[in-house]
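Shared between the two complexes below is subunit A, which pairs with subunit B and subunit C, respectively.
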Partner chain A sequence: MGVQMVQLEHVTKEFDETNVVNDINLDIRAGEFLTLLGPSGCGKTTTLRMIAGFEKPTSGKILLNGKQVDDMEPYKREVNTVFQSYSLFPHMNVYDNVAFGLKMKKVSKDEIRERVTKALKLVQLKEYGNRKPKQLSGGQQQRIAIARAIVNNPKVLLLDEPLGALDLKLRKQMQLELKHLQQTLDITFIYVTHDQEEALTMSDRIVVMNKGKIEQIGLPREIYEKPVTRFVADFIGQTNIIEGKVTAINDDTATMEFSGQAIEIPNSQDIALNEEAFISVRPEKMKAGTVPFEGTINLKGTFKERIYVGSVTKIVVTMPNGEELTIHESHDNIEELTNTNDVYVSWNPKNTVVLKK
Partner chain B sequence: MMRPRTKKILFSFSLLVFLFFYIPILFVIIFSFNDSKLGTVWTGFTLEWYGSIFKNSQLINATMNSIYLAVITTIISTILGTLAALALHRYTFIGKKSVEFLFYIPVVIPDIVVAVALLAIYGLLNMSLGLNTAVPGHVAITISYVMLVVLARLSSFDNSLEEAAKDLGANEWQTFWKVTFPLIFPGVLAGALLAFTISLDEFVISFFTLGPGDNTLPVLVYSMVRLGVSPEVNVLSTIIIAIMFIVVFVVGLRMRKGGDVK
Partner chain C sequence: MRKSFKKAYLLLSPSLFWLTLFLVIPVIFIAIVSFTTNGDFGAIIYEFSTKAYTSAFSSLYAKVIWQSVWWAFVATVVCLVIAYPFAYFIANAGKWKNILLLLVMVPFWTNLLIRLYAWIILLNNQGVINNFLLDLGFIEEPLQLMYSPGGVILGLVYGFLPFMILPIYSSIEQLDKTYLDAAEDLGAGPVRTFLNVTLPLTFPGILAGFIITFVPAISVFVVTDLFTGGKLLMVGNVIRDAFLVEMNWQLGAALSLLLMILVLLSLMIFMRFTNRKDRKLLV
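== the complex of A and B ==
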């Protein structure tokens, strides 16, 4: 760890005069599992394709293991890709698919046999060498695509939404397998997904992208618990975004007015007196009750509805200004609330996250 | 479910179509064994014409010419047509739509126009006609078919396969021969066969652009039937039918066995 494996310096990619990727700086360490996360069209796949060499950056530099590669053809780069659609060669059997990269590098027949067998074993499809890709299930094809990439011992493995086409259960299973595989092989993984849960589950670090720019880079926990921007807070998991005017600023704290009530928020560079501020509070950090809780922030509103969603119960409370806050409560500690009740929504101030605008 | 009456009508109709197609061919085959020199009356069974046809040097010569032209045409058209299809599939350039349109024109333009145009050019260039002067015309009318067939095949080609190949270390050349070509090969083969049969069958352009002494099979047969349908023409037709039948049968059998290559 610590060695820079992939570096992007001021990388921009234009398609038809729009910046799909806009001035990105990113250092990816050797051996880490890094996820590029964002909605479709945010530039994550384009970024991946530039690292693979399928697209050339309009400006900026890409370094691979310290060497500048942005003009290098894809077949000369020590990276391999697992494609979204698997892209297995339909006219070759599984063995030849996996052996393809080694054959291109003129590796000896015996070594090819040994390495292909090992790679197929690693993805638990040792017996399937003679099958055609078409004869395999989606999950099996996915594993072959992974075997075909890792058999070349790449420095970096690029994965473009590789689990997108699988059903939920298989996807969960493959997420863990991929994570274990990455730890076993100690290869740098760059993983592209729009699925935030997948990103949180698998990654060492997550890069959240939006509209061609990086919104935040951090550990999964930081991304979830300390989102920096409104976009990140909104995109990762569910949250309550509360907007209000800053009425006072002290040393460590500040006061914000929301729906006629004062909220104490942490002081931060992102707020200024008499200006709008945004905070995010996760629904599971909130409680709802008929009387104010002690030692916490309390907002008074009226009960709207409760929705049972299995793992938790969602409670929706309407604020005097008409905005709604959502609370996730575990089933054991829910007070009976009815439509006529005044409800206090409360949370610990340390769970308040101040967002950039 | 189809109603029984509809079924009956459809069946009779199909039968009629088949009879319409195959009865003339059946007659040709039967009369190739006819003893009479005049093609119209049955006088008795003979294999005499099957012997004499192989001694007819004119006929053999014309057959060789036809095959020669078809092979040359197929090679040129298949290579150029495939390259054109690849270019049109892969690249976007200014005027692409017009270029594509230009490739459709030879399919609908009458052969006679191509023939006359070529003749005019040859006249202008003061070229003497021979066997090879028919090649440009044959290529011109077959190249579009090859291109269209290969283009159709390419439309179902997943471009990420080429990226996958390059990602795995194959350069452009290796990518083409290891991945792209094997996958479009059925289209290329179909285009080549189409070009071959069109060239073999081609009459108008050959008639106009061949030299005086050079005949292809259709041109020779045309000159032969002007003096009445001789039994030798029937024999020739029967042999061609037999060969085509065997070819189609074998290809069909192989395709069923191998399944679709894709």
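== the complex of A and C ==
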């Protein structure tokens, strides 16, 4: 650990004069599972394709294991890709698909046999060597695509939304399998997805991207609990974003006015007196009740509706200014609320996250 | 199940009727005629005879048939060699793609006869090419560009090249480019990517092009007529002459039937080399 495996320095990619990737700096450590997360069109796939070599950066440098590679052809790079659509060669059987990379490297027949068998065993499809890709289910094709990539012992494995086409249950299972595989092989994984839950489940670190820029880099827990920007807070999970004017700043705290009520927020360099500030509070960190709670922040509003979603019950409360806050309550601590009630939404100040604008 | 099966036949019945009326019945008629006796001035006497087949298999006609197969085959191979890079280029030509495709198809809108006459102006002993080479002093006397098997093959290649380009183009165009990314990702350079992935995956297009070029090329007669003045013959020429000049319907019918069998045989060989999916490109 600690060795830089992939380094992106001021990497920019333009297509038709629009910056798809805009001045990105990123260091990826050897052996880590790093996820590029973002909505479609955020530049995550382009970033991955630049590391693979399918796209050349318009400007900036890409280093692979300390060596500059941005002009190197993809077939000379020691990285392999698992494609979104798997891209297994339809005219070859599973064995030949997995052996393809080794054949291109002129590895001896015996060694190919040994390594292909080992790779197929690793993805639990040892018996399927003679099948054609079409004869396999989506999940099986997915595993073959992984076997075809890892059989080459790449320094870095690039995965481009590899689970996107699978159904939910299989996807969850494959997420864990991929994570375990990565730990077993000790290869650097760079994983692209738009699914935030997938990213949180699998990654050592997450890079949240938006509009060609990196919004935040951090551990899954940091990304979820301490989002830096409004985009990250909004994109990862559900949240309440509260916007208000800063009316006072003290040493450690500040006061913000929202819907005619004062909220105490942590002081931060992202706020200034008499200017708008944004805070994020996760719905599961909030409570709703008919009386204010002691020692917490309380906002008074009116009850709007209650939605049962299985794991939790969502309670929607309307603030005096018309904005709505959503609270997730576990079923056993719900108070009976009706729309005649005043409802107090409260949360512990330590769960307030101040966002950059 | 059974009911929908019947329904399918009902829906098919117009085309089945059409095929029966205009394909099956005429072919049966030709088969019958080929076994009748030849009367004066092309009269058909309905008495069993195998005389037509005896002459059809005589060395003269056998030679013409063999010649046709060979020239058509060579022309088809030449078409393939020209068409593949051409189709590959068009498929990767970006915004020029449609214009290039149009240029391939424009000649179709002009009659083959007229287009071949244009070639005569070029290829003649006093034609543009010969005069040009003579003037530059590259040759002492005119090259025999026409009146030769080479000329016939040139005419066939010219006439049928689009038939080869279009199916190959379509197979290259439909090729999922991520397969090429995948090959490159796995360490295959451009040449090996082409040989290991592009070529096998576009093989159905090659086969389709091969058949739809070879089949009409084998029976065409205008090329030999115009380029050799009837000095060299293909099977199409002798069939036409049997019907229209010699008034020997029996011989014409027998040769037609033999040609049909030959074409069917080559189609069967084609089927042998392809699987179900590849064949779909033909239709």
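Convention: the second predicted complex is superposed on the first by the 357 of 357 C-alpha atoms of A that agree within 3 Å, B and C clash if a C-alpha of one lies under 4 Å from a C-alpha of the other, contacts with A are read in each partner's own complex, and residues count from 1 in each chain.
Basically, a residue touches a chain if its C-beta (ideal position, glycine included) is under 8 Å from a C-beta of that chain, and two chains touch if they have at least 3 such contacts.
Just so it is clear, the structure is predicted and the values come from calculations on it, not from any experiment.
Once subunit A from each complex is brought into register, does subunit C clash with subunit B or fit beside it?
Aligned on subunit A, subunit C clashes with subunit B.
So, A:104: does it touch subunit B (first), subunit C (second), both, or neither?
In the superposition, A:104 contacts both subunit B and subunit C.
For A:91, select first, second, both or neither according to whether it touches subunit B, subunit C, the two together, or no partner.
In the superposition, A:91 contacts both subunit B and subunit C.
After lining up the shared chain so the two structures overlap, which partner does A:22 touch, if you call subunit B first and subunit C second: first, second, both or neither?
Neither: A:22 stays clear of subunit B and subunit C.
Return first, second, both or neither, reflecting whether A:296 touches subunit B, subunit C, both chains, or no partner chain.
Neither partner.
Considering only the contact definition stated at the top, list the common interface residues of subunit A for subunit B and subunit C.
In subunit A, positions 52-54, 73-75, 79-81, 83, 85, 87-91, 100-101, 104-105, 148-149, 152 sit in both the subunit B and subunit C interfaces.
Give the list of subunit B residues in touch with subunit A in this complex.
The contact residues of subunit B facing subunit A are 158, 160-161, 163-171, 174, 178-179, 182-183, 261-262.
Which of the residues in subunit A end up touching subunit B in this complex?
52-54, 73-75, 79-81, 83, 85, 87-91, 100-101, 104-105, 148-149, 152
Quick one: in the complex, what on subunit A touches subunit C?
For this pair, the touching residues of subunit A are 52-54, 73-76, 79-81, 83, 85, 87-91, 100-101, 104-105, 148-149, 152.
Enumerate the contact residues on subunit C facing subunit A in the complex.
176, 178-179, 181-189, 192, 196-197, 200-201
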